[in-house]
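Each of the next two complexes has chain A plus one more chain, namely chain B in the first and chain C in the second.
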Partner chain A sequence: MTAYPGRVVAAPRRRRAGTRAVTGLLHALGLPMLLLVLWGLVATRATNRFLPDPVTIADAFVDTWIGPAFVQDVLPSLYRLGLGVAASVVLGVAAGTVIGLTPWLRELLEPLLEFLRAVPPPVLIPVAMLLLGITDTMKVVVIVSGAVWPILLNTVEGVRGTDSVLTQTALSFRVTRWERLWFLVLPAASPRIMAGARQALSVALILMVISEMFASSAGLGYRIAYFQRNYLVAEMWSGILLLGGVGVLLAVVFGVVERRVLRWYHGTREVNRV
Partner chain B sequence: MPVPTTRRPPALRRALLGVTGLAGFLVGWQAIPALGLIDPQYLPYVTDVLARLAEQLVDLAFWRRLGSTMTSWAIGLTVATLAAVALGTLVGLVPFLRRTTHTMVEFLRPIPSVALIPLAVLMFGIQRQAALVIIVYASFWQVFVQVIYGVADVDAVARDTARSFGLRRREQWTHLVLPTTLPYLMTGLRLAAAVALILAITAEMVIGNPGLGRMIELSRSGGDAVGLYALVVVTGLLGLAVNLVFRFVERRTLSWHESVRGERAL
Partner chain C sequence: MSDRGTLLRVTQLNKVYRARTGDVEAIGDLSFTMDAGELVCIVGPSGCGKTTLLKCLAGLLRPTGGTVEMHGAPVTGPSPAMAVVFQEYGRSLYPWLTVRGNVELPLRHKRLSRAQRHTLVADALDAVGLAHAARSHPWQLSGGMQQRVAIARAVAYQPEVLIMDEPFAAVDAQTRADLEDLVRELHARRGISVLFVTHDIDESVYLGQRVLVLSHAPTRVREDLVIDLPADRDQITTRALPRFTELRTHVYGEIQRARRGQNVAPRPAP
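== the complex of A and B ==
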């Protein structure tokens, strides 16, 4: 498309694949490297003892987390997180499907769900402590009680949004209830369900950390709060780094799962766009 | 499964059912301690909780705490939004910046904001600034990402049309970039408002700066179950109010937009 026919439009230069890979890498890693170097410079110059330089933090990271602490603190946290997220997905999708398919139930529960979703999830930690004591169950329950809402509400919306022509077709072909659920309703709702699961994942991570900061004698959140109270600044930074790493890892894993589950959906959208 | 009807149920029926649902929830709550399923010490009667709630509403100290929480919320949300809009527009419009910051954003965004609580406490102590660090960090990303998408979403044909019609830079901003970005921005703002409230209360619970969150933590450690449940209900109502207000604002500002107009036509 040439807006000005009088001008010669130069063909885009073709670069070799190697050069492109190098520029890509530079773009991806340039800024983080620059910031890291800058951080090192500032930390060594400044006398702020709350800002150790990256090398000290890396040392503290290796000393603190590689070894028994990984089994004692990190794995149980991740286990509770995984359990909580799995339970939220199962509960949220099951309840969401039932509510989404039953109009009167949806109308009955709508204001209540709206309220329950609006309760800030960390507020439920004291309540769960009161009801269940300081146990592992309590932490999993806290995670579920915060993470289930985005999944549930998105499932309801997704189920409601099932194409009515498809539903009518399935009904007139006498597709059985379970087949309809499995081949029509759940796939139709899956993009929304995945969007809800993405929100739920970050809520669950936050609740995992807070519930451990509040009521625990082990776990990632507890450790970080412990380091802070004892002025172990480099160790504390290393803990924050580890939590960040967990967050990034979860996001990556979720991205892979989402792409697999929704491959057909993205495929259809591509086709429609063309 | 009943065949979904296109006819909307009457609003009255809807409201009635909704109220029934709420009433059922309250009755269920009352029944659990009344039947002795859970000791009232741990799950107090709903009547007691509501009575306490009414008591709080005429208590000046309660309103002061509420004001403190909402002040943190408002400051944090404003700072985060302004920063996110400025940076997001810049990064979204300059392809070079978008490429170079991509890794950094993808790394920083999933870091749970609560991980920064210890750092904030070390830096600022038990003060509002510490809470603000957390609130701003969490709500910044919600708006930032939406603005980047929004600014980059300008329709290519519309952009070329604007250029060939000789629209000036400022006109392109007001007629092209702003209308495209606004729906994204409003979505980001709505999400950020909810997140900021959650973190304002969380920060008070964990850090201990004055506000509703600290009051919740104090009622828990003091064994005041009735007060605790009353405050949980208050935070829920607060969250509900924030959601409703921002949804209303979104509908108002986007009344011209397809997504809102389409809904009304149904």
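== the complex of A and C ==
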């Protein structure tokens, strides 16, 4: 057989990766550094004792979080967050797929889902406390009760939006139901699922903190509330910084996962744009 | 595939789309047969229900009346003896799978060993000249190459009949000529029967051993024309033959008459 000449578009090669990484880092950190300096200047001139300067906060950060507090407060929080996010993804994608594939079920559930989504999850905390007690389960349930909705609703939309030609192709080749689910429906919905997961992540972080502020004896939220009530101002600020750091870290990890999972999606869009 | 019996028999096929605004009769009364090993082209004026016909043949759409039979057995759903190549290659290949993954997907439910599957995939990709692109993703390929992948997928499925729905409508003329020759080659070398739906008159005459000219909707077969061109065809000499010009002029005239046709008026809704 003759080989037909054809062009395979290769991914652009990473040139001077080292230089790029350094420039990227400078770009990313430049403004925060500037703000930090500005903060320091303002703080040294200000007389308000609730606005400590960055150096004091940095000291407090090291004293507060590096050591046993990391194991006592940070790790349990992250554990509940991870558990909550994982449960939300599994629950949201599973339920969303079933609802998205079943038109009558979707019509039946749509008003209910809209209502449930509209309920602000923090108001469920007292209810959850009564039903489940002040336990880890309660906190994870609170996280899931808020984080599951963006994933579920996006999955429903993603599954519904599966291209009809792709579906007919699978049907004409008699691709089985499970193969269709795994090789067609879920990948086709994956851009929407990932968009939902991104929203869910920030919701989950908020709920993690709030659930710990209500009733708890450990955790990041508990610590920050404790510091605030005891006028440990620098410590309180350091907790807020740590939370911000956790948020950034989560976003970075999510970005890496998303790039891997949606490589085809970004690739397709890039080709279409050219 | 050696027996030259009747492969596909379509009898009095009728398809009516029910809608609130009134019923639309897409296919009126359509009958034809196709022998094993044949390459038949179906050509008709645009909007004559070619795609509807094809979906009925492939078991993707239930006809309102009449029957489709493969080897005498009625077709009620997608059949393992048929493979479809759709017009919209961009929407028919799975962008999240590699070229190899796309070709392999329909083979997963066939009871084959991994080695057998790989052989089929490699063989099919080789047949369409894409052995070097197995690890690429479809969106990294040109339109013509993507349609080759779709053809490879159909070939690897080892169907008795390849059903192609205006497969080359969206590619440029040069690529189209190459792909037409590829179809003729697959037909000649592998003995696959091909049912090729197109709106391009020249293409139908160049490719087919027979051309079915369809009428305007509600569709019926207007003419069943044997293409008596030599079996060895190539883009330059065959298209320059006086007989080719005669045949294409004839089909063109038929299509024109079909378009103005006597059977244009849709039947009133009951």
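The rule is short, and it goes like this: the second predicted complex is superposed on the first by the 244 of 274 C-alpha atoms of A that agree within 3 Å, B and C clash if a C-alpha of one lies under 4 Å from a C-alpha of the other, contacts with A are read in each partner's own complex, and residues count from 1 in each chain.
Everything that follows uses one rule, which is that a contact is a pair of C-beta atoms (placed from the backbone, for glycine too) under 8 Å apart; a residue touches a chain by one contact, two chains touch by 3 or more.
Everything numeric in this text was worked out from a predicted model, so none of it was measured.
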Request  = Would you sort A:18 into first (chain B), second (chain C), both or neither based on which partner it touches?
outcome  = neither
Request  = Check whether A:68 is in contact with chain B, with chain C, with both or with neither, and answer first, second, both or neither.
outcome  = neither
Inquiry  = For A:271 in the superposed arrangement: first (chain B), second (chain C), both or neither?
reply    = second
Inquiry  = I'd like to know which partner A:30 touches here: chain B for first, chain C for second, both or neither.
reply    = first
Ask   = Among the partners chain B and chain C, which is in contact with a greater number of residues of chain A?
value = B
Task = Using the superposition on chain A described above, determine whether A:168 touches chain B (first), chain C (second), both, or neither.
result = both
Task = Take the contacts of chain A with chain B and those with chain C, and give the residues found in both.
result = 1, 3, 168, 171
Inquiry  = Which residues of chain B touch chain A once you look at their complex with the stated criterion?
reply    = 1-4, 6, 9, 13-14, 17-22, 24-25, 38, 42-43, 99-104, 106-119, 121-123, 160, 163-164, 194, 197-198, 201-202, 205-206, 213, 216-217, 219-220, 225, 228-229, 231-232, 235-240, 242-243
Key: Residue ranges of chain C touching chain A (in the complex, touch as defined)   = 55, 58-60, 78, 80, 82-84, 86, 88, 91-92, 94-97, 105-106, 108-109, 126-133, 136-137, 139-142, 144-145, 148, 153, 157, 178
Remark   = In the complex, the residues of chain A that touch chain B are 1, 3, 27-32, 35, 50, 101, 103-104, 107-112, 114-127, 129-131, 164, 167-168, 171, 177, 180, 202, 205-206, 209-210, 213-214, 221, 224-225, 227-228, 231, 233, 236-237, 239-240, 243-244, 247-248, 250-251
Query = Residues of chain A touching chain C in their complex?
reply = 1-4, 6-10, 163, 165-166, 168-176, 179, 183-184, 187, 190, 264-265, 267-268, 271
